[in-house]
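These are the structures, in structure tokens.
You will see chain A twice below: alongside chain B first, and alongside chain C after that.
Moving on to the complex of A and B:
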């Protein structure tokens, strides 16, 4: 515990921006070291690929964790339908921005610009979130959980349904594409345009050290996503560090008391739920729909639980903690093990075909087969790792990495006013 | 059968004569839970600026009456009037905004929030409770200004209850008595006209009890607040309340000042279990 405490003390001493930037930078450093270690002459391109992918993952999960933190961390609204609200946002954007004259076999859309699509996606996710919450928020917290999880599955099944794959809305042909998915204006293109325009010298320089164009575009996209994270953080910090945020925390602690103090808690809960769902809808497009293509398979309920894992690790109730948790989860627990498994090999030892052979080798005092087996199956075993880390955190750090911090919800310094009469009483 | 009924009617008649400016009027209040009748036609009123005590043996319906008045339960029947307006069945937040607030039998502090946050939550109609105002750069200035005022008032209130040294502590770390003080500080921040106190002294040591009662009297004197107090400690009720209402089996058994109540046969019987 003492190492944990030292680390924690050092983390506490940093300002929040420094903490987050430093944390993400160290994940980048880990990726760079890995790329240099396994990449040989190709290390620069490999590093750009690793760092780009991990940054997109961190950005996507950070937006989702921030949104869930507002709903669950602050207000106690147990939303386990995150995937569904992401799908609403992503599909709305897709239908709004898909070309009106698509390639053969693809689904047509309204052909609107991407920014219109993004706003439309957020608004629709907020509306659907509000509708889902309206009946459930009158009931106890557990019912909201049941309603949201059911809702997210209904949404996924609806967009998967062939009946809506292609239809005519007031004479305009649109559709969800059903199980085959839908192609639309790719947010990735924004990054590509950016680096091919103003970033041209950068591209030349990158190609000089062997970084491919797509890898550079992906890295640029990741950084753009981090800017969206920064924007979301700014908005959420202002929402939570205010009397509004104070009411949200009070609802989480004791809704009856909050009502008895004159707060119309339903209003607060619905607004909060809608804001969170709008952000989830945005993440649905920017994260899952990065390449301009979505399908129902991308919105399975597992992603909901990943976001919960990220938030629990980071510390629910803390906006900074949400980002740190998202980075820890997606970078260190989700992405890194998979890349290690792909790129690390144990010299001559071949991985046994199954766990029984691997353990049998261990029994005869040869640990190599088990180790080789672990490495070659790390993509699967990382889920065990995530489970172990979650159990460890819940047992030993139930507040997560940053949830123990005292972050009062207010927009001013809470120090005793100087002119007050109480100066002599204590202190 | 007819004698107690007649007595009850006589009592009500006496009451309405005695109280010329009632702030709160409860008329024929009734609350059923399934087959159980918890409050059975309770009728009483509370004079403006008074400290009125509500007593009765366990199960008499005191807490349910409180919950019906403050909107936590919806009454099955009867009427509640506050400040001349019918408030029967209104939501707790509406009542609080009209100046009728309550504390809870078991102190309900918001444990994962600091003492200061608990207290700063309470004032009604804070501009920063609007998301748009809190987020939009040009409008947040008002929020910050209002927050500074709320903070200053919060510190003053904490000083009044002598828990200002705990301001930055999580409310969950407070002792039982300190939580009671925090609850009082919190309801006071809503700027109320009337406070319903549900056993504010339960589990409070004698020194703190003295302090709390002193504060209550001070608030009555200086701000003209009205208090309705449920309490099991007879000495506290008899020594502090000028008007006492005795409930028994869901109805009002007797009403009057300490002398009237202590000399009332039926009250003694109810407390000693004469007819149960």
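Moving on to the complex of A and C:
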């Protein structure tokens, strides 16, 4: 039995909640160890900073992976326009909640409360998703992929366009801010209000051990985001365990059979696509627009592929797997290498400015320059690692960590009972 | 064909294919607008400008030339994408980064050979930041050498990638292969960033400017792009039509099992597909940098969607389609400037891609595979 199978058996033995909590807790533990190792006297503040950032990343990618899992893992819709739908949600929220009297040089909005903006963003992302899905769902999976990625680039180019930077909507001045971006009501403020209100004793206690206010606020925000993840998980679990969800799984297995059973599969696909896009829109605000500022740069197609990496690592088809995959991807592959690279130093060896000088040292049998160069560029190399992990998983473990739990479309098991070797057992 | 018949055909199109009718109406309007703009007249309707504006023939021609040049390089790169799509049956998202790899290998070779003897430190030459600008006229031999290195180097890289990544998964479904190619794309792009950094370097600029028909002004580098890409396209055409290998490729694109039964060594054909496709992608990338003058670690990735657009518009699997689609998408990308603000021209190329996929998924030249 390979190590992966052993790991998988262990993972299976745990209940889902325990699995996710345990996973995130162990990533926190890794961050804590790192902070203690490199932080010196300042370790508590550093640990809060690391854990806060990693939690926000896990939360953001988990929402996105859950949404993608509904579309791809359950229904087989290969959507690689995630960045575009995130942008639709984030920009709608931004336009709705940006202040009506902005600072000089900033773009005005409608000044509505944040919760209105969030709902508006989700609704808009769902509508745009529905419009995109309407014609695109007739296409084969790989064509759908290309249409969605082209669509997401069109959305990014449109919000980036200076012509929409500031315009008048029925006489009210609004805008996207063009390439410079737009500031709006920050979701961070919710966390800040929370810790400055009911959490005041906690702040005092944290400051006692040296944790700064902003770090604590960020950590609080990360935990709030995990609550949103839990909410999304609950909604998606309800959906996928309902008769509606069973049809989705049936579409993934064989669309023609589902159609011949009298299901209007197009309707189901469009609805699923819209629900997924609404969640992506929400993640667009809460994750990319955490600090109350977004710009078109944040919605490049690359983020779409990171979400795919997260889902594939976790195993598409499993909601729990999506969260575990998001935690593995963002904690261990995305965040940890970058922090390691920043904080590991090689004695006195300064990193060379370019690869030629680094390799030149190697010629005189001194590997230190190359090593130092590698460490100083680890934030670039982690993407190589992500790519290699993606290839490895798709070649050797296409089910990811938990994808083997891919729920069948039937409510009862259709596996044939194992019969003894040779002939039918009951004859 | 009589007018009545023509009108009836028109009605059939309107009824059966409303999408096609809309596309025809929009292109008709744009064409009318272009004519009005060239004539320098403006048509007003209810107080708003309906048609026209001003545009000189000269600026139209220079846009056409720009579009044509980019389109040729995109078409060259698209041939490989189209071939892997038809023969290996998956959308290769790493193709854009193959373009980048080829361009970097070629330019490093060209830069180092051009810089040898000038006293510039080797590190600066390798990192492409000595500030020197190459051109076909002033540094012919290094540019030519770079072209060869770009082709050969990218062939080596794609064969290595195929051996490591795609060959162990020949029998898997096309979505798994697509995802693997996304992994390859990430790894390749950031390896380039690791070696060459993430800055944009200026490496080439035209050494000689020629004015043709006293209206169009082109540089020597642009002429090189034109000549080399047309020659390579002709070469691909001859290879596919005149050699046994070409016939084998076309057979495999048509039906892989049948090809294997007839004794075509499929694994060898696949290898040759990579060689041809990878080499052309590398050369295409090298030529694009020669034309645009700048190179950065993600230019191929950004170009990828444009290459996809070219391949799909021309009809996936068709090599001539990829060439024609490349030119068409290049022209759309450049001519859109007549009607759209400069920030949105790229979006119009993607819009053409989506419209073609929705209305005519087999491409505008029909679904002929690799012939």
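We take it that the second predicted complex is superposed on the first by the 384 of 427 C-alpha atoms of A that agree within 3 Å, B and C clash if a C-alpha of one lies under 4 Å from a C-alpha of the other, contacts with A are read in each partner's own complex, and residues count from 1 in each chain.
We adopt the following convention: a residue touches a chain if its C-beta (ideal position, glycine included) is under 8 Å from a C-beta of that chain, and two chains touch if they have at least 3 such contacts.
Just so it is clear, the model here is predicted, and its values are computed rather than measured.
Legend: residue contacts after superposition of the two complexes on their common chain; A:6 is shown touching neither chain B nor chain C.
By the touch criterion stated above, A:200 is placed in contact with neither chain B nor chain C.
Of the two partner chains placed by the overlay, only chain C lies in contact with A:160; chain B stays clear of it. Touch criterion met: A:312 reaches chain C, while chain B stays clear of it. Judged by the touch definition given at the top, the superposed model places A:383 against chain C, while chain B stays out of reach. When both complexes are overlaid on chain A, the residue A:297 reaches neither chain B nor chain C. Within the superposed three-chain model, A:275 lies in touch with chain B and out of touch with chain C [touch as defined at top]. Residue contacts after overlaying the shared chain place A:149 against chain C, while chain B stays out of touching range. Interface residues of chain C facing chain A in the complex, by the touch rule stated above, are 90-91, 122-123, 126-127, 165, 168-169, 172, 174-176, 178-180, 182-191, 193-198, 305, 308-309, 312, 341, 343-344, 346-347, 350-351, 353-354, 357-358, 361. Partner chain A is touched in their complex by these residues of chain B: 70, 72, 91-93, 96-97, 101-102, 104, 108, 110-114, 116-117, 120-122, 124, 126-131, 134-135, 140, 143-144, 146-148, 150-152, 155-156, 159, 162, 164-165, 167-168, 170, 186-187, 190.
Contact residues of chain A toward chain B in the complex are 235, 238-239, 242-247, 249-250, 252-254, 256-265, 268, 271, 275, 317, 406, 408-412, 414, 416-417, 420-422, 425-427. Contacts from chain A toward chain C in the complex involve residues 78, 135-136, 138-139, 141-143, 145-147, 149-151, 153-154, 157-158, 160-163, 305, 308-309, 312, 354-357, 360, 377, 380-381, 383-384, 386-391, 394-395, 398.
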